[in-house]
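Shared between the two complexes below is chain A, which pairs with chain B and chain C, respectively.
Take a look at the complex of A and B:
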């Protein structure tokens, strides 16, 4: 079947068109959708696009920044309001990818992709579906592969109060633009030098970005030094089920995760 | 920054050369940096059709039936190509030179032997239409047990991968199931050595990963010829292969190569041209066949995996007196170029060292993996990794400085190598000295004073008394699929295979016991007979004697 493209102005119209067809696929920046088209993917024959300006906006809303799902990695890098996310956006693909790859598309990218989604998970973002209420990103990711696709309009990201409290590392074998062996995003607020309310998330350590709950617990009330982080390192892969893929085996991922987690927690340059 | 050490071998060098030793610009550089280099895919044709393949989802399966009826009715489909449409549907590159047998179909007929093996080709007006039609082809597979490990493939009862070589080994010199190297008496030397150091090394397949995937465009030309634009690295290999598979005289094909968008060995034994030409012959229209990225990674032949076992006999002073190799090259499902890689590899043993007793048994093994081919340092890279890692292990065992150990055993000009050529222009000594200096790694004055020009030859140039054997006599392999014929008189199956044992460090020093040598098969040809037919020269490849 020839592939047809349908472009709508409003995200709601696009949502309706998508809901009405089993063989339609929403197009964000197309880095993954077009790859599937080129390979002759038989799962869809219609591409649905939306030119809704809301999808491309970055706006402040109280302590949070609202990022349209159609915002590209390049836009994130250039944005003042989303500056804390620039280090994440900078390591996604090469310049050509970053020019079109969107935040919304990253929420759906299968492992080992999804570095941006991992950062959003650590930051406790909320995902806003078109015409729906905001959903915590953890719940969104849990349901992602089960429920029928709805178009995401935006994500609401609380800005870290202390910019140094948010850390991100993407580990790849080809530098600077290789795909992740794993990525780690951590929000590490401290109170009197002790961690309080940490959120730690992994990318490429399972089918989708996941929180390292055991690490978070082990950090609570601890200082970020060799001694303080030791329990967190021993819990680095507790409850985590890394995948084996072309980049690394499950075993390898388990071996290196604590090494990179340690460097991140000690804020050591790699 | 290149540093020329002109003090070395000054009298051997001719400094009037125009290119060597001088920086020079690649001739294709300007085209590349200005984006003007023409690649095969830059040629435009009116009415171009596109060819895509349906590929095996299984490691190993018998093809019960193929139903293309629905696919034939799909929009844009111009032709469906099956195995029976291929004039000579069995090929191996080196059989063009009389080395090895044709063993690989262009389109699978009775069975598939690796994931991604092409089964049906579809020629359509657009790539998309070709893919859509492929999705409608129904193949009924009878899945067979598969084998993915070289040593597993040699065990009795292992699935037989390749019908041309049913025992899963390539046949060397029309006689052996492995390539042999024998120099001196390794078993005796191992018994006399102060230490026996064993090691097991392996290297995974490596994909050449060119930016430009493999592809070709074939179009009808005047005078009943076909013009072919191709990404091949080896234009005349590709022409010869196309002539053979299509049973078409080579003067009816006008091959145009040129800029290769990265090859590194992966485009040496290309087989996409005959596919494109066949599409063109059957439709009368220009046809393009280009792999997508996934195909390049999955079915593009990589450098094959290798596994090596090395056993060294070492004296307390670090002299290596014996070195024994057992090697396995994973050829994947078909021969391609692994058989030849082994010839090159064995000519390289025991590495750049003078060791008086050397032996090697190296197997080219068929498994249900993607067929493997050439890559830079072909046949050498894997075993060099094994040898040099092993040298460090030996140094550790005899508590020696690893660079001094290499210098102590380094080959020198005039030494006899295990494949019976005199070593010349060796320069390993000088290399080690410079490496030690650059790495600030101290070596003793006697090692700093060494020269590759001094101390070689003489006794070191002699060919030792050599123990030879007839182990691993394979089934006679002559002619296509001749295995149905009764075995030649005197044929006895190869003795059951026992893998060399491997025990990790640390090991107690123990007296060496030779592996149980299997008795030579009854009525085997006398060991003095030299194999007839082809012979390899280590430099120029094949020679007919």
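Take a look at the complex of A and C:
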């Protein structure tokens, strides 16, 4: 089926066009949308694009960095303001994917994709829809497949005060750039050597990036050493429902999650 | 079907063609201007054989909406050699038996060129990283990595920069 392409300058106009048609799909960098076009996906017949410069901006706002939804992984890697996110962007696809794959597109990428979104979830980012108010990313991800599609303008990401407090690992079978068996992002602020207010998120361990609430609870007040993290490792997959796909079975994901979580928490990433 | 005019530079020559809406750049290059050097492998972004450079950056032409390259400079493998003189990367691939069936080769060459243009003396890890989006079913990658390093050592990265 041929698709028509509608390009707008303003994100607001693009959003109106998207809202007006059930068979329109928004185009970020196109890595997944063009794949669908090439496969003859019949679910949409119109592509809506926006060239709005706001979508491509990275700006500091107090202690947060505001990243336009159209910012690519390559832009993140090159940006000083978003330097703490570079290790995440670097492991998304190969170089040619990263030149176009956007932060906004990653928020919608179905599992096992969504590594960047998992990192944003651990960092307690907010998602800003075009013309709307910022939404906590957890609520956004909960609703993303249910609600009528809106265009995301940007994400607001609090910058970790201590750069060592934010950790990320993507586990894949094919090195260096295979798709994630799972990814883990953790924000581990400490107070007097003890974890206080941890946020831990998994990618590819469910239909969408999810928080490991049991792990967060088990870490609270503990030290980041073998003894201190033991309860968190026991709770590694509590409340988590990993999927089985071509990369790994649910069983396998459950088996390896604590192993990688341990390395991440002890900062022994390989 | 609506067709749109599109102008761009291909290996230094101006091109003006019509593309169908929603058409990808790979088809526009192969069918529109007859440059058959980028190959169609998967159409999903996973194999990398369709890799071309757009304004110097590696892109998967199968995932690029053709109409987005208006006024861009596109480089493909067809533009690598200078007349009968092969690009150092092509020569190194031949000398080092880095191609067997050759299907991945155009994408490998363009991914490698993107690297050497930016970084004429890459480490082995940087080479591995640069071709990490390109699949080869024949060579086991080692001859390809060795060829790219050999081209770099021979000054191949600086040759046409």
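We adopt the following convention: the second predicted complex is superposed on the first by the 268 of 270 C-alpha atoms of A that agree within 3 Å, B and C clash if a C-alpha of one lies under 4 Å from a C-alpha of the other, contacts with A are read in each partner's own complex, and residues count from 1 in each chain.
Operating definition for what follows: contacts are C-beta pairs under 8 Å (C-beta built on N, C-alpha and C of every residue); 3 or more make two chains touch, one makes a residue touch a chain.
Note that the structure is predicted; figures quoted are calculated from it, not measured.
Engineer: For A:192, using the defined touch cut-off, is the partner it touches chain B, chain C, both, or neither? Pick first, second, both or neither.
Structural biologist: neither
Engineer: So in the superposed three-chain picture, is A:42 touching just chain B, just chain C, both, or none of them (first/second/both/neither)?
Structural biologist: first
Engineer: Between chain B and chain C, whom does A:62 touch in the aligned arrangement: first, second, both, or neither?
Structural biologist: A:62 contacts neither chain B nor chain C.
Engineer: Would you sort A:34 into first (chain B), second (chain C), both or neither based on which partner it touches?
Structural biologist: second
Engineer: Is A:2 contacted by the first partner chain B, the second partner chain C, both or neither?
Structural biologist: both
Engineer: With both structures superposed, pick whichever of chain B and chain C touches the larger number of chain A residues.
Structural biologist: So, of the two partners, C touches more residues of chain A.
Engineer: Pick one for A:94: touches chain B only (first), chain C only (second), both, or neither.
Structural biologist: In the superposition, A:94 touches chain C alone.
Engineer: Go through chain A and flag every residue that touches chain B in one model and chain C in the other.
Structural biologist: Residues 2-3, 37-39, which sit in both footprints.
Engineer: Provide the residue numbers of chain B that touch chain A in the complex, in ascending order.
Structural biologist: Within the complex, chain B touches chain A at residues 52, 127-128, 130-132, 134-135, 292, 294.
Engineer: Can you name the residues of chain A that touch chain C in the complex?
Structural biologist: 2-5, 27, 30-31, 34-35, 37-39, 47, 74, 93-97, 99-100, 176-177
Engineer: Which bits of chain A are touching chain B when the two form their complex?
Structural biologist: Residue list for chain A touching chain B: 1-3, 37-40, 42.
Engineer: Under the touch definition given earlier, write down the residues of chain C that touch chain A in their complex.
Structural biologist: Listed in rising order, the residues are 1-2, 20-22, 24, 43-45, 48, 51, 57-60, 62-65, 67, 111, 114, 128-134.
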